[in-house]
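Two complexes follow with chain A in common, the first pairing it with chain B and the second with chain C.
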Partner chain A sequence: MSLLAVENLQKSFGGLHALNGATFDIVPNKINLLIGANGSGKSTLVNTVSGLWAPDGGTVTLRGEDITGLQPDEIFHHGIMRTFQIPRHFANLSVMENMLMAHRGPGEIFRNALTPSRWRHFESEQTKKAITILESIELAHLKDKLSFEISGGQIKLLELGKTLMSKSDIIMLDEPIAGVNPTLALKIFDKIRTMTGSGITFLIIEHRLDIALRYADYVFVMHEGRIIARDKPDVILDNEDVRESYLGK
Partner chain B sequence: MIIIYDGLIYASVLAVLCVGLTLTYKITSVPNFSHMAFAILGMYMALITSKVLGLSVYAALPLAFAASGLVSLLFYLAVIRILQKKKSSVISLIIATLAFDIFMIGVLNILADSIRNGFQVLSRDFTLRSTDIVLADGLPLVFVVSIAVLVGLALGLYYLLYRTNYGMRMRASIENETLARTLGIDTRLIFSMSWFLSGGLAGIAGVLMALWFQGDPSLAMIMLPSIFAGSIVGGFTSIYGAILGGLLVGLSEIIGTTALVDVFGYWIVQYRPIIPFIAMIATLLVLPGGLAQLVTIIRQRRLKGKNA
Partner chain C sequence: MLSHEIIFVADLLAIFSVYLIINLSLNLEFGYAGVPNFGKVLAVATGAFVMGVLPFTLYGMIIDYGGLEPIDDNIQLVREINDYIALHPETAVGVFAITLIVAMVIGGILGLASAYPAIRLRGDYLAMTLLGFGEMIRIIGMNYTPLVGGTLGVSIPDMLSFVPNEYRFVAASLVLVGFAGLAYLLVSRFTKSPVGRLLRSVRDDEVTLQTLGRDHKKIKMKVLMLAGALGAVGGLLYASYVEGVVAFGYNRLNWTFLPFVMIIVGGLANNKGVLVGTFLFVVIRKLVIYYNDALDGMLPFDIIWLDYLALGGVMILVLIFRPHGIIPERPQKTRQLEKG
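Moving on to the complex of A and B:
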């Protein structure tokens, strides 16, 4: 049984077929790199799989269970987390609170808000975990800062920290190193590489192939709403169709 | 003394109403023109509890909270959420709330007539002031209770929003709904809760009003400018702004009207809404972000001072 399988996914906006029968099977515990020209449907694919947009047709299955068209919060609780191309964070919440928000656990309910004994223990546990993660990504000293006060690079790191916090099995990153300096970009991918070692599967959209291809285990190429190739990086680079449609050589 | 009671009871009740109006605006971006109707429903719950069931008016507080909260929640689920799903503009949403206000006034009129016909109870321009408990020195209990409700509300909301995990999730959902949803938060539940809470608070405000002022379905339109004025003076985004705005507008309405009567004579009373309107216009012209904006400006100045 495959971990995450997408079958013939369709999504159009007016007359534009952003997804036109996208079909693929993610490779577990690996870095799956999704490439393709602008407008080829990469972000639409992530938005549809993560439940933000309902697909017009096709199916998404997680370990054989049909999760097509579920709401984003339900998808998250199934163990799939995603980030956004332009990093999104809660600007008026502290770095620590942003981390705590990403925790995937028994959903906090209103009734419990009034009885601190029900969540206080649980919360201090989460806080400890968040501090450990923040230390590993070198953000621990900023934990009490409101997140609009930290730099763009630090926000990218925070996004990664949130994915660690979520304990998700599948993480979809939309351009994790866009606009990030090369040193930090390498650091981010190193971290991703270690995470795959602990059983996390990544689906990453990235345009900076110079760095991303060094780390990718498998590459999926998207063209006009379809996956046209899937293979190891070196094979993909030799593929005629891919060169033509994406690399333009 | 009477002007102090009038002023503070009215101002506290108004502040509670402004908090509810600001809450649903901040959380679901709907300026709810039917908000006052939930308060009038609370007033009639007070009348029924006191005159029909023969209980203490204060027993109506939980009843009004539940009844107004449920009506508000149903309105949100059956109308607002569907319109929002269809990406309706704010104008359409406002018109929907206005329509619901008119509908509710009709329902409340039917309710008022049914109470009169069924139980021979005065149900228009009624007041339950005489049923209230009088403490030492002629101090009415509603005076103490309305201030206590407001203080309790301010502390309770602070605790809920800033000291609990649920509150953190609420703040996150307000700030970025999409992101909150992709982090597993059922924002639909949080939005529904905010409508229930907002309606419930209005119901409580209605019970308190019935204990000091005159209740009538027509108040649903008459008091609307005041609660919008209070919320706008507060900035329409901040709970604490709403409390301050409501208190300010409420007090100036009572004190201002009394002063105007002294100068111009009693005929001026019917022009009382001019005071909230002036407050609203002045705020929008001078400080569009209201008191909340003022706080931000002061904070930024202080930060600059620190950095310099």
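Moving on to the complex of A and C:
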């Protein structure tokens, strides 16, 4: 049984077929890299799988269960988390508060709010966990800054930090190292690589192939709303169709 | 006989308390959750209308009204009930408690019901829908006489009739201050919990919140219900304090827009800011009204405009020099969070 499988997914915006029969299944506990030219449908695919947009046709199944058309919060509860190409964050919350939002705790239940004994311990543990993660992604010194006060690259890191806080086992990252310096970009992929060892599966959209291909286990190539190739990186690099549609000769 | 100063302070504290409760509830909706509830008056009027109806019904179960009707024989009936309360104070406590609970429940339900049709919409459409609901209740109150006496309004029983007349005014003020203090403590505790963070995240980015597993629509509905209940408490206390309900008094200026101004000036998503903004505005308004006569003739415009001009002036100054309010929103520090 596939972990996450997409079958003949369709999504149109007026006359534009952003997804035109996309079909693939991701490889568990691996870094699955999704590449393709701008406008090939990569972000639409992630938006549709994550429930942000309802597909016009096709199915998305998770461990055999049909999750097509579920709302984003329901998709999250199935263990799938995503980040955005243009990072989204809670601008007036601190970096630490943004981190804590990645994991729903007992304190968020309205009837528990006036009884701190029901959530204090959880809150404290999560904060400690968040500090460790922020240290690993070099954001610890900004933990009490409002997130609108930090740079675009740092917001990208914050998004990654949130994925590390969550309990999701499938994580879809939309351009996680865009705007991040090369040293830190390598660190981010090192971190991702480590996480695959603990049972987390990644689907990553990334254009910076010089770095991403070093870490990718499998590469999926999108072209005009469809997956045109799926293989190991070295095989993909030699694929004539891929070279023509995306990599260049 | 109480001095003018004591009456002034007691009245100021009473009005401040009523507005503080209403503003805390609006701050939950707008400051924290980002729901622009332009129909705040709905909850306030609900509380007041319940106070205008239910005590008559409940005392009707205890006392024989002898054919007197709450609306048609209003003054006579209120006098009879007040006489009864003076001899049986315990009944006033019971009736008031039941009325308070019923007002909160109806306020909460109406808060939820008013938001339901538009909860999926973003700010402006939701605001318009809520504005409409706020207008509806005043119009119903003014035109449906059996509710709270239509355009003439109704007097309501004085739940403090057992207090000697001389001290009644101060006693009422103290009761209101007590309720406001309790509301402040509870709301502060509530917003310092992770729920406060959750509400601020709804306001900041619904889409991100959804992708992190929270249903923003449910959260908004819950907060509108909670704030509706709290707003109804404010309305009920105001009606009790002035011992009457006149539907046209529940207008959007006094019970929606002024609360918005107070919380914006004080500082959104900060209960201390709400406290300061409310106090500032109530004091300015009271002072202007108190000195109306003394100032009349000294100004180049009619004195009735003075409090609006003064309040507008304060708002403009604060927005220029403190755009985030007198006490702006503050995130929780990691140090506090680590302690839990």
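A few comments on the model shown:
The rule we apply is simple: the second predicted complex is superposed on the first by the 245 of 249 C-alpha atoms of A that agree within 3 Å, B and C clash if a C-alpha of one lies under 4 Å from a C-alpha of the other, contacts with A are read in each partner's own complex, and residues count from 1 in each chain.
Assume a residue touches a chain if its C-beta (ideal position, glycine included) is under 8 Å from a C-beta of that chain, and two chains touch if they have at least 3 such contacts.
Since the structure is predicted, the reported quantities are computational estimates derived from the model, not experimental observations.
With chain A as the common reference, the superposed partners chain B and chain C clash. After overlaying the two complexes on the shared chain, residue contacts for A:121 are found with chain C alone; chain B is out of touch.
In the superposition on chain A, contact is made by A:96 with chain C only, not with chain B. Residue contacts after overlaying the shared chain place A:131 against chain C, while chain B stays out of touching range.
Of the two partners, chain B and chain C, it is C that touches more residues of chain A.
In the superposition on chain A, contact of A:144 is made with chain C only, not with chain B. In the overlay built on the shared chain, the residue A:215 is in contact with neither chain B nor chain C. Where the contact sets of chain A with chain B and with chain C meet, they give residues 50, 52, 71-73, 75-77, 81-82, 84, 88-93, 97, 100-102, 104, 107-110, 112-114, 116, 119, 123, 162, 166. By the touch criterion given at the top, residues 50, 52, 71-73, 75-77, 81-82, 84, 88-94, 96-97, 100-102, 104-105, 107-110, 112-114, 116, 119-124, 127-128, 131, 143-144, 146, 162, 166 of chain A touch chain C in their complex. Looking at the complex, you find that chain C touches chain A at residues 186, 189-190, 193-195, 197-198, 200-201, 203-205, 207-215, 222, 226, 269, 329, 331-334, 337-340. Looking at the complex, you find that chain A touches chain B at residues 50-52, 71-73, 75-77, 81-82, 84, 88-93, 97, 100-102, 104, 107-110, 112-114, 116, 119, 123, 162, 166.
If you check the complex, the residues on chain B that touch chain A are 160, 164-169, 171-172, 175-176, 178-187, 193.
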